[in-house]
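Two complexes follow with chain A in common, the first pairing it with chain B and the second with chain C.
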Partner chain A sequence: MITRQVLIRNLRAAYARAYVRVRSQFNEPEWVVAEAVIPLLIVLAAATLYRVSGSGQLAGFAVVGGAMMAFWDNVLWLMASQLYWEKESGNLDLFIIAPISRMSILLGMSLGSIINTSIRAAIILLTALTILKIQLNVADPFALFLVFALTLTALYGLGMLMSSLYMLYGRGAFNLNDVLSEPIYLLSGLYFPTVGRYSPFPTILQVLASLIPLTFGIDGLRRTIILGETLESLTLHIAVLSALSIVLIPLAWRTLNYMEKLGRREGRLSLRWM
Partner chain B sequence: MPASYAVETIGLGRVFRNRHSVVRALENVSLRVMRGEVFGLLGPNGAGKTTLVKILTTLLLPSSGKAYVLGYDVEKEANHIRPMINLVSGGDTPGYGLITSRENLWFYSQLYGLDGRTAKQRIEELLDAVGLREVADEKLRNLSTGYRQRLNLARGLINEPKVLFLDEPTIGLDVVSARRIRRLVKEWVKGDGGRTVILTSHYMAEVEELCDRVAVLNHGRVLAVGTPEELKMLVSGKTVAAVEAKFDRVEEVLDRLDAVYKSYDPATGVVRMRIVLDDWSKAADFVEKVTSMGGKVLSVVRSMPSFEDVYVKLVGGGDYETGPDT
Partner chain C sequence: MDVKELLKAVRASAWVGWQVDSNWTEPFIFIGIQVVRPLASTMLFPLLYVVGMRLGEAPVDLEYLSYLIIGTVLFTPFIYAAETGGQIVSQDRERYGVMKSIYLSKASLTPYLFGRLLAELGLSVIATAASAAFAFTAFTYGLGLPIQIQLTDAAKLAVSITAVYTGSAALFYLLPSINLLTNKLHWSLTYYVLGFLYLAGDVLFPVSYLNQLLAPLEFLLPVNQALNAARSALGLRLSGDPLQALVVSAVWMAAGLFVFSRAVGYARHKGLLDKIGWW
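On to the complex of A and B.
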């Protein structure tokens, strides 16, 4: 049973982990710019291509996709491998012997990452919008906020799940990152819409793509930011993103507990044993 | 279970298996550590010291036997143990490089749920206690190894643990920094009658200086337990020959002298050896053996057995007469 004291302790741990992440970024702000440059160049290239081909709307789609690419990169390259790096530095031992749930650490990492990456995504979005003079058409700010919040919840739920898996497998799992990176860019619609009427993919591929939180997230954001759609036309998006959040976060929790037990049993949580 | 002991292990064992090998890191380890004790775990690399600490700190499950910390089962009641313990591992530098020492301590205080005022007060006390005041607002990545280890110790004390595990806390530190850490540990234990320290170390002097009792481990087994004075009795009535010699093929000779405590100084080429003897007349046999191996003996000094010699007797293969080298 979770007592009030345990809840407060875990919330403090989550806040502290988020603070460390945000504070670290503000202590080295040049990284924000450095990590925004490559996604920004890709966005500008894709959007310019669409514009030259005569589609202003698709150029806007590419800008939204590029901004969300920052979140996917963050989940894949930082969030997923974070517990592995914590193990390397000796922090993981200390998290495990502390009287907290490791989920509070993952929650804190996620919140800190969302704040940091939102700044980067905003830089990409605003710079690309300014340079490309993309016309925005936000008719329902609440729908925009809801889709954005649900997308990040589901996406970072996936990050927590990957982090739990990577805790024990570490460096070997980095190869999986390489394998996942580009296909997910393609399937989730970072470059062009992959679900709905604009998608070039067959239905089966669209269904598979919709299992990636980013897919419906980006599509929903494009609809609310560029096409001016409202909540009524986004019920499917909200349902899919809610379902993914409901599945991924508890799954991450269970996986983390399982991995911790496995690690304690097999002796794979720490670097030094004897 | 009532907590009569700070730590108790009963027939504790731990086996590591992989595709190619099975390693018995601990075998049938039974120990009892009283509350308020500084208890040392002494042994060479691979003796099982760190494995034992990992089990007691709930990081690792035992393969057999039982282990209790403050009366709680490490396997089934880890949640009761965790608020009352902490671990400081030498060589590890946990924390985050881009935030300050003070912020790092605050971060770890939050893992134990300390409220803002308590955390601030304890951090300020610890900064003074471990001598980190002058680098309190310095980023961790800019700190020297000595400062980092002091920060690591302060971090280990942030939750006022009832049992503190120190796993080679002075490894890699210079003499002054190591002495400072030892003094801090001694002061901390004195602060409250119920505070217990489990210390693992390679350094005999450190163990002798800090520990009330010591367990000597090798190959996962407990070879002896007692106070340093009690353990010294194991070599009472014996004598020690301290021999300095030079060899042409040093590495080959060092391998063959596996029953003898020795150190090699590459700068001078001198090998220093200590050997426990039943009586001084055996020293001549040892000198002859060194000579037969091509050694040029530079000096032979008779001395009283030290705590280090107890360790050599237990771990290093026994006396010269009975060692595998003869």
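On to the complex of A and C.
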């Protein structure tokens, strides 16, 4: 039974964790610049490639993908790896001792990350649209909002799940992030559609790609922002993203509890330099 | 330091580099990092081009597709050099504390970095060869888009590839030189450089397409001439002089070594070799 007091305590913990994350951004503005400029360079390269090959009208695809790339990088490096870093810096011990649910920490991390990364994504989007002179074609703002909200919910649900899994693993977590980054850029269709009739991938790869929230998220955003599609044509996207959200967040919760128990049993929760 | 000791230092550094960078004891991670990841980078832009043409219902220009594939495959050594070179200083100063040990030992940072370079070159050869084989097979047989590659001049190709690796080695020395003097760029510098080279390095399109004023970069950067010479040696209709490419890369390499030795001297003088934190 969750009492009002417990609920308020956990919400305050989530707010505190989100506050640290948002505040830290303003202490290190170099990171904001780097995380906006670097994807922007790749977006410009991809958009120019569309133009060189005579498909200039699709340059907006690369821009939407580049903006969403900021969220994926954030999930990998500032969600998935975060509890491992907290362990290295000694904060995880405090989180375990504190009378709060670890999920409130993950929730705060997610909310702070969403705020930070939204700023970066907006910088990337607006700068690229201005430089490349791309016209937006939003016919259904509600559909855009819904797809964006569902994408972030599912994506950060995946981040919470990965964070729980990475908590007990050391250097392997960094390596796994390295392994995952580029293949996910490719599979999730950051710069071109990877699901549907224009996908270059066989069906089995398209099914696997659909399990990554980014895949249907980016495709849905492209359709609403660039192609001007409305809610009626996005039912599959909304269904897939809703299903992923419903599965990933409870799974993250269960995994976190399991990994915490395992860590306590094996005495690995505060082991560093693994 | 005599030659025997120097070789011993280089060999030990290369072994350290292999162990740190390859993750060879964990086959899943090794294959993931050294094969799957570079492969994804190699395939990304050629596939973007193919999908773009399909969406526009236009035929794929096989010669341009070959241009893209050769470009992205042979850009792999530059990615490896920038990623490893960009991280060495922060890893060794901040995480493992190796810099101060090398400072105290008889060896210097120059043979250490050379050993690390040898390990990095070995790994990038594996990644480049795997990417080339997979990309050729996937496009030719998987997507039914036969890559138009024909070896017209083996010597020219050999010199071009030497220019690619020499140019990448120059990056490998230049990035740590900058990171020795500041800790704020230890992550971002690599990706600034790679992003710039994707745009201006003739990897995906001739730099002159962006703006005619940028056309001279084709003869100044260590990437453009080397890639174009390799494309020419592989039968594409491009003018690329491998000797010119090698000279440009050699000049960059000499500049890289000079800048690195100056940066090491400055870092020793200012006590930066064990200065950790955000500065």
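Observations
Keep in mind that, in the parts below, the second predicted complex is superposed on the first by the 269 of 274 C-alpha atoms of A that agree within 3 Å, B and C clash if a C-alpha of one lies under 4 Å from a C-alpha of the other, contacts with A are read in each partner's own complex, and residues count from 1 in each chain.
In this section, a residue touches a chain if its C-beta (ideal position, glycine included) is under 8 Å from a C-beta of that chain, and two chains touch if they have at least 3 such contacts.
Note that the structure is predicted; figures quoted are calculated from it, not measured.
When the shared chain is aligned, chain B comes close enough to touch A:R9, but chain C does not. Shared-chain residue A:Y185: touches chain C; no touch with chain B. In the superposition on chain A, contact is made by A:E28 with both chain B and chain C.
Of the two partner chains placed by superposition, A:G228 touches none, neither chain B nor chain C. In the superposition on chain A, contact of A:V20 is made with chain B only, not with chain C. When the two structures are aligned on the shared chain, A:V52 is found in touch with chain C, with no touch to chain B. In the superposition on chain A, A:P250 contacts neither chain B nor chain C. Taken together, the two complexes place residues 28 of chain A in contact with chain B and also with chain C. Interface of chain A with chain B (complex): residues 5, 8-9, 12-13, 15-17, 19-20, 23-24, 27-28, 89-91, 93-100, 264-265, 267, 269-270, 272-274. For chain B in complex with chain A, the residues that touch the partner chain are 14, 16, 23, 25, 45-51, 54, 57-61, 79, 82-83, 85-87, 89, 91-96, 98-99, 103, 106-108, 110-114, 139, 155.
By the touch rule above, chain A contacts chain C in their complex via residues 28, 30, 34, 37-38, 40-42, 44-46, 48-50, 52-55, 57-58, 62, 172, 175-176, 178-179, 181-183, 185-187, 191-193, 198-200. Every residue of chain C that touches chain A in the complex is listed here, in rising order: 23, 26, 29, 32-33, 36-38, 40-41, 43-45, 47-56, 58, 61, 64, 68, 143, 184, 187-188, 191-192, 195-196, 198-199, 203-205, 209-210, 278.
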